[in-house]
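What follows is a set of structures for review.
Two complexes, one shared chain (chain A), two partners (chain B, chain C).
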Partner chain A sequence: MAGVTLNAVRKDYGTFLAIPELDLEIEDGEFCVFVGPSGCGKSTLLRTIAGLEDLTDGQILIGDQDVSDRHPGERGVAMVFQNYALYPHMNVRQNMGYALRLAREPKSTISQKVERAADILGLRDHLDRKPAELSGGQRQRVAIGRAIVRNPKVFLFDEPLSNLDAELRTRMRLELSELHQTLSTTMIYVTHDQVEAMTLADKIVVLRAGRIEQVGSPLELYDNPVNKFVAGFLGSPSMNFLPATMTANGLQFADLDGACVDFGTEPTPGKVVMVGIRPEHLEISEDGAPLPLRSVEQLGGVTYGYAILQSGEEFCVDLKGRRDIRAGDTIRLLIPPSRALVFDADTELRIR
Partner chain B sequence: MTYRQRRALTAYAFLLPAIVYFIVFFFWPIAIELWASFRSGQPLIGKSEFAGMKNYLYIFQDKLAIKAISATMIYALGSTVFTLLLALGLASILAGPLKARNTIRAILFFPYIVSFVISALMWKSILDPYTGLLNAALLKVGLPPQYWLTDPDAAIWVLVAVSVWKDIGYAVLIYIAAIQGIPSHLYQAAELDGARRHHLFRDITLPLLMPTTLFLAVVIMIASMQEMALPYLMTGGGPANATRLYSLHVYETAFQGLNIGYASALSFVMFLLILLITWVQFKLLNRDIRHV
Partner chain C sequence: MAYKHTYSLTAKIWIYPVMAFFVLLSVLPFLYMISLSLQSDAEMFSGQVVVIPEELQFTNYVTIWEKAPFARFILNSFFVAGTIAALHVLFDPLIGYVFAKMEFPGKRFMFVALLSTLMIPFFVRLIPLYIMTAKFGLLNTYTGLIMPFAMSAFGIFLMRQFILPIPDDLIAAARLDGASEPRIFFDIVLPQLGPAIATVALLTFVFQFNEFIWPLVVVSSENMRPITTGLTLFNQEFFTQWNLTAVGGMLLFLPCFLLYLIAQRHFVKSAMLSGMK
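Let's look at the complex of A and B:
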């Protein structure tokens, strides 16, 4: 087991700079999730750690060893790919034991390690099958098993659940979480699914255009995002943003009938800001500003109402449990000052 | 008429031209040949009578036929093995990021599109012991001239070499397409498993190319076993019948010896032999590889 340290890591493809310069410390045994939109460089970063992409500049340490120039097979990492990357001509046993065979381990040891991993993942009955004979979930388990048998210092996961259906994805997410608890090995996980990030991570790294926007625990990032991008990326449904203008009395919204709320921020009269509020933090009250709902989603335990603001932005409200509210109804909303986050409209940075 | 029947009828209507073509140009000649192979005299062109298995049994006494079978096996196996080995090596290089790869591919493919007659005559002239370019080149570097097509031990291998030269472009092209079809993540997964270049080739490329190798082996083997133009044009089957390939023997038996019944039996034996070899190749090389 070992932590991972990235020192001034840079990666470019000719003139395209995928990762400008990045420093990151991942603790030993930590479950770290790289999250961000498509093209943000999260997979590139993971593949650079794996050694599948050459580093342009900087240093990668696994434990206290500099692995920047090492062959992928000598870095002590194992990777689970999005599309499983199982060898189609080998059966499950051969797939899982391939790395050990290359390392010239004795047959009995290979067999023992493969069977132990198969037991952990419930693959005992499938050891002699080819990948094509397995379901999506079983294939993903084989891919994880192939990583486990190598007993790596660090596990790397590149969007491993995105090819699975919703139900299986939830189950595998739990299994991965349990696996991390069982093995206590450092895991780095790439996803664009913020639910996976929130549920699995000890530490989330939010990336945009190859740069780290924020690093922290899931709830830390959820409650205290440093900018509008992080605030909007984490949370489902995502945070609402309302344009507002600072006045001496507080913030005056262009929408919501021009409601004025005192958020306690130092006012710069006339300054335009964005106010972020999560759907579940909005309060429905007779004293609130009216909001006509365009559509309503009844999910059983939760009800979401959606409106389009004058600014054209979509606005989502958690209607708290089951409610007899339909599309076209008007609700009255209050924005609790303690729950709202204020962001600079130009820099998108949080104003505290 | 029900919808299903109408659909079936439409399908058969579309298939009809192909069915007619195959019956007229394939199955009917095969049937006639089979019929002729059991007759003596002049089947197809004159009077003939039923001869039972006589034609087939005579093959075992026909020393020229036995020699032709052995020469054909050497030629077919040599052509197939060398073409596949060289093509695999070249394709592995040309599938990579090589600068001149398109030019090299075009050069390699060129012999495949050149007429067989032109190729055969060109090589015959290059290999001529007295006026050929190859011997002139050997003399230039101080080596003795070789009797390429008149040495009984060398001639068959010269034909093999020309056949490899002719077919390699096609095999390389098919191999390149197959190599490029192997998903790159398999190589990456193997690299993470600790595989080096030679492991990647041995454990990923080679096994995943098995279906392609089987296809090429069958196609080249069958074409080689039916080869006639090359020995006919370059050596006339000599020296001392060393390059008398089976098809040439059948051709001469039928159209020079006018022994149509026996030639038909010879052809049918070749048909069965090709069937047998193809079956063996399927047994040896067929691997069920389904990408997931």
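Let's look at the complex of A and C:
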């Protein structure tokens, strides 16, 4: 087991700069999730740690060893791929034991390690099957098993659940979480699904255009995002943003009938800001501003109402449980000042 | 239920006779070769077209072995065609893999250059190839028969097409498992090329087994001849023993036919996957 340290890591593909310069510390035994939109460089970063992409500049340490120039097989990492990447002509046993066979481990040891991993993952009955004879979930387990038998210092996961259906994804997510508790090995996990990031991570690294936007625990990022991008990326449904202007009395919204709320921020009269509020933090009250709903989603336990504001922004409200509200109805909303976050409209940075 | 295309009655009335005509057109020379191989010298030289011999001369199939060292010719054909096919099985996937999965300067240019050789007829290359073989002192040797055909642009292209869809992650996974580049090729890539390898091996073997011009140009001694040029022994100054030549033709046909029967499944699969049908 070991932590991972990235020192001034830089990666370019000719003229395209994928990762400008990045520093990151991942603690030993930590479950770290790289999250961000498509093309933000999260997979590139993971593949660079694995050694599948050459570093342009910088240093990668696993434990206290510099592995920057080492062959992927000699870094002590194991990786689980999005498309499983199982060898189709080998059965489960051979797939899981391939790395050990290459390392010239005795057959009895290989067999023992493969069977132990198969027991952990519930694959004991499938050891002699080929990947084509397995379901998506079983294939993903084999891919994880192949990583486990190598007893790596660091596990790397590249969007491992994105090919699975919703139900299986939820189950595998729990299994991965349990696996991390069992093995206590450092895990680095790449996803664009913020629900996976929130549920699995000890630490989330939010990336945009190869740069780290924020690093922290899931709730830290959820409650205290440093900028509008992080605030909007984490949370489902995502945070609402309303344009407002600073006045001496507080922030005056362009929408919501020009409501004015005092958020306690240092006023710079005339300054345009964006106010972020999560759908679940909005309050429905007779004293609130009117909002006509364009559509309503009944999900059983929760009801979401959607509206388009005059400013063109989409707005989502958690209607708290089951409500007899239909599309076209008007609700009255209050924005609790303690729950709202204010962002600079130009820099998108949080104003505290 | 799967959709099944059916032809109308009118279509059937003209499609089947047209198809039968073309099948007959292609099979007829072959059937005549069988007939010829069973004719006596008298029937052959009678000036008439004999379709079914009066008496089947199976002795022709024995005489041929006595009149020429046919066992040696067959051995030569098998050795040369087999070695070339084996070299293709080794080199074509290897080069195809490099073109499909590796990046290097000039890759595109080299691939286009390789493909362009498919456009050049063999006869255009024959003279420079002959001169090169002569300069290397390889005339009238097995090496001279084999070397120029040790790999082919078509085989490399076919292999590249087969290797391209293999996910890069599969190769990355093997690399992470600690496999060296040759290991990745032999352990991971090669086992997935079964149909393509069978196709290249079969096509190469059949093509080389039937090759006539190159052995005719390169080989001078009788014991180096393959069957194709060996048959020219029945081509004499004033007449050709067509019945014995036809027996030789049957000997050329049989191994290729048997091979096709064995590898047919792979061959069809490969043709479908590569889009070359």
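Here are some notes:
To be clear about the criterion, the second predicted complex is superposed on the first by the 352 of 352 C-alpha atoms of A that agree within 3 Å, B and C clash if a C-alpha of one lies under 4 Å from a C-alpha of the other, contacts with A are read in each partner's own complex, and residues count from 1 in each chain.
In this text, a residue touches a chain if its C-beta (ideal position, glycine included) is under 8 Å from a C-beta of that chain, and two chains touch if they have at least 3 such contacts.
As the structure is a prediction and not an experimental result, all values here were calculated from the model.
If you put the two complexes together on chain A, you find that chain B and chain C bump into each other.
When the two complexes are overlaid on their common chain A, residue A:203 makes contact with neither chain B nor chain C.
Of the two partner chains, neither chain B nor chain C is touched by A:192. Using the contact criterion defined above for the overlaid structures, shared-chain residue A:139 touches chain B, although it does not reach chain C. Shared-chain residue A:126: touches no atom of chain B or chain C. In the superposed pair of complexes, A:102 makes contact with chain B and with chain C alike.
In the superposition on chain A, contact of A:87 is made with both chain B and chain C. Touching of chain A by both chain B and chain C, each in its own complex, is seen for residues 50-52, 71-74, 77-79, 81, 83, 85-89, 98-99, 102-103, 146, 150.
Note for the complex: chain A touches chain C at residues 47, 50-52, 71-74, 77-79, 81-83, 85-89, 98-99, 102-103, 146, 150.
Interface of chain C with chain A (complex): residues 167, 169-170, 172-179, 183, 187-188, 191-192.
Residues 50-52, 71-74, 77-79, 81, 83-89, 98-99, 102-103, 130-132, 134, 139, 146, 150 of chain A are the ones that touch chain B when the two sit in their complex. Listing the residues of chain B that touch chain A in their complex gives 183, 185-186, 188-196, 199, 203-204, 207-208, 210, 287-292.
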